[in-house]
């Protein structure tokens, strides 16, 4: 591939993403002013502050400035990693995020690993073996796709944590191994729906690839079947699977709110849930922005990887949002 | 001990699930070492199935009878590893559409050496051989690193031919190798195939619907209709003095500049539906000579008087032989 | 340009086998049963869903409480039956809202083209950047709990799927000769759209909306599970899982497991029915 073309494409996609992020940040910021009542009273959410505290709040959010200036102030702070102060926790939101983001990222990474292994393996055996295996995988994935992650979380918790006692029923644990042990059930709960989805995407893409002439040709040239599957079927299904990457990560990030709440795991998902119920708006803004930014970053990475996986895709043929 | 024929098909009958009659019905065909045999017929006549059968590539659910011997070994009964060894070495195929033949996501070099590497050849040696063969088909080593999407269809078909020669096959199957190409490229590819067949002494089964092409390249011709071989013999005999009305009709429907009167006649009707059983001669419904015998009794292949290699399966081949090649359909 | 329904990825090419029609009938039957239960709930529920009998809290199934009692002493069967109402009404609202707005936006974008089209397409891309559930949480954080805010938020989040599909379909429909024939005869654009174009594209759009129904049910149940959906006392399946979760941790899973099972079966039923419909519509179009 032409490196300059790739660089130009990357630059364009990064710029596009920056614009979308900017608009998203504006929406997240502006949402505050859609709320009934004055911003100050909304931010205080029924708490009765001392006059000094009110003055601090007004100064902090530049509530005396015009709207556009307020947004620019806020944006400037956000770009420097300052998301304001949490009213519930009485600390900087960035501190809260720094404490909780690693847990969420570990959980999401574990779930992603489960999704990729189980989804690809199930999709592959369904496509290659066909018959009863295929039918069984179809039934299982139909059920998985109908199971919201919070349902999976509660059911897994009831069975494996409470009834069988194999795993802890809540908390995130300390130390890496303990954390992994604590996060195993949540990761599976988070992964279940996506395993079903990915297995089906893989199956469909592989069946399509299996149908192509070059697979027959490879067999007719004496290439062993496992290599035919790996090099000509799985390899060709990879592009389609990759395009679901953004959706997979977005779903993981959103569903982590449910799963962290179900398992009382102190990650940013649970933080968002707590912040919403306690009307801690700066925290809600920060977590929402982080989720949107992570999601868009993954989409960007997928867009940049696609031409590397599939030489037929010329740069930029895929739309900006998918 | 004599060398076995490159390909010997004996009484091949192939039935697909859901079909009322075999899609291949008693096909007999031989390709001697270094010989070129053309298999001619309309689309759907079973000629592609026959050539793919020689590779052991059968449609899912196919039931076969008869024998398909490649270099003396039956591909229909060979265990999987023997079959794979056969495919990496003694038999290779050039497919119709080079764009579909190559995996678009893998480099051309991968495609060329894939079979050899599967057979245990060292990658470096395989690449050396591929480079040599690319030169033999008029390409240079730079295409090794290219993706199929980056080169022309004609170049790709040369790549496919080079790939087919990687295992030094005794039998090369060419299934309409030029249909997907433009006219000039077609001529180049045919010239290349003919030249390579001579220098590599490979038996060639050339599947085509183009009679002129068949006449130009082949030593012997088999004409296929509805899964049966209706006429076979030396190319010049079959084309100059056809003994089956279908061959006659095919010849009459082929456009050529030198044809007397320049008139073209299409064959009326369509090939029989594979979902209906056949009684009698498969061509009877479209044949101008058809009689009740044709509709009731399937004709046996019979040797033409005075031409021991020329066979036709027609109740009326004697009449055709008397009247000569001109038959108004 | 081909119109592609936004399905759950991978569901598209599920081949319908012999067992397929049986599954499809079972799905339709179950969906019908749930709808019927929701409609008749006030008359067939054995107890008041909010009547508290603390003495019977966490009791197992009995003649009086066929599906047991939850931690607050409320009859599970009655809550499940009445919960069917909110659990179905929410997604219905999302689907109706997103379908109406989406069809309007998509038709306008396709018919008028130009700047309006660009504007609508750009806004669509922006909404895609916000996962539906996140948008709903953001709105709830401003407007407080209740069913209306999340339904509107999800309706907006689902709108792009419908508008994008509609836009493609209308563009294809507009290119067909009958449209110019009507234009020549002096019919107004609105007339042609309402009388001819929309009826022609309706089956595909409705199949998409049926598929969206399953998504919306999952999202809304999730919000209720977070305590951000329906108000506390309203019977709702997601809320019941939320209420029953502490009981699960104490070893009494029934009051939470039953709504879980209902959510899964209902979503599966609507998925299967919607996909089947989409397949049929797709086959007819080809």
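All chains are identified by letter, namely A, B and C, in their written order; residue positions are counted from 1 within each chain.
Please note the rule applied: a contact is a pair of C-beta atoms (placed from the backbone, for glycine too) under 8 Å apart; a residue touches a chain by one contact, two chains touch by 3 or more.
Model, not experiment: these values are computed from the prediction.
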item	value
Centroid comparison with chain A (C-alpha atoms), farthest chain	B
Inter-chain pair with the most contacting C-beta pairs	A-C
Inter-chain centre distance, chain B versus chain C - centres from mean C-alpha coordinates, in Å	57
Interchain centroid distance [CA atoms averaged], chain A/chain C, Å	22
Touching residues on chain A, where the partner in the complex is chain C	20, 23-24, 27-28, 31-32, 34-36, 42, 135, 138, 141-143, 145-151, 154-155, 157-158, 161-163, 169-170, 197-204, 207-208, 244, 247, 250-251, 253-255, 257-258, 261-262, 272-273, 275-277, 279, 281, 284, 288, 291-292, 295-296, 319-322
Chain A-facing residues of chain B, complex	52, 55-57, 83-89, 92-93, 95, 97, 100-106, 110, 114-115, 118-119, 147, 149, 163, 167
Touching residues on chain C, where the partner in the complex is chain A	8-14, 17, 19, 124-126, 128-131, 133-134, 137-144, 214, 218, 221-222, 225-228, 238, 241, 244-245, 248-251, 253, 256-257, 260, 263-265, 267-268, 271-272
Contact set on chain A toward chain B in their complex	212-214, 216-224, 227, 231-232, 235-236, 239, 309-312
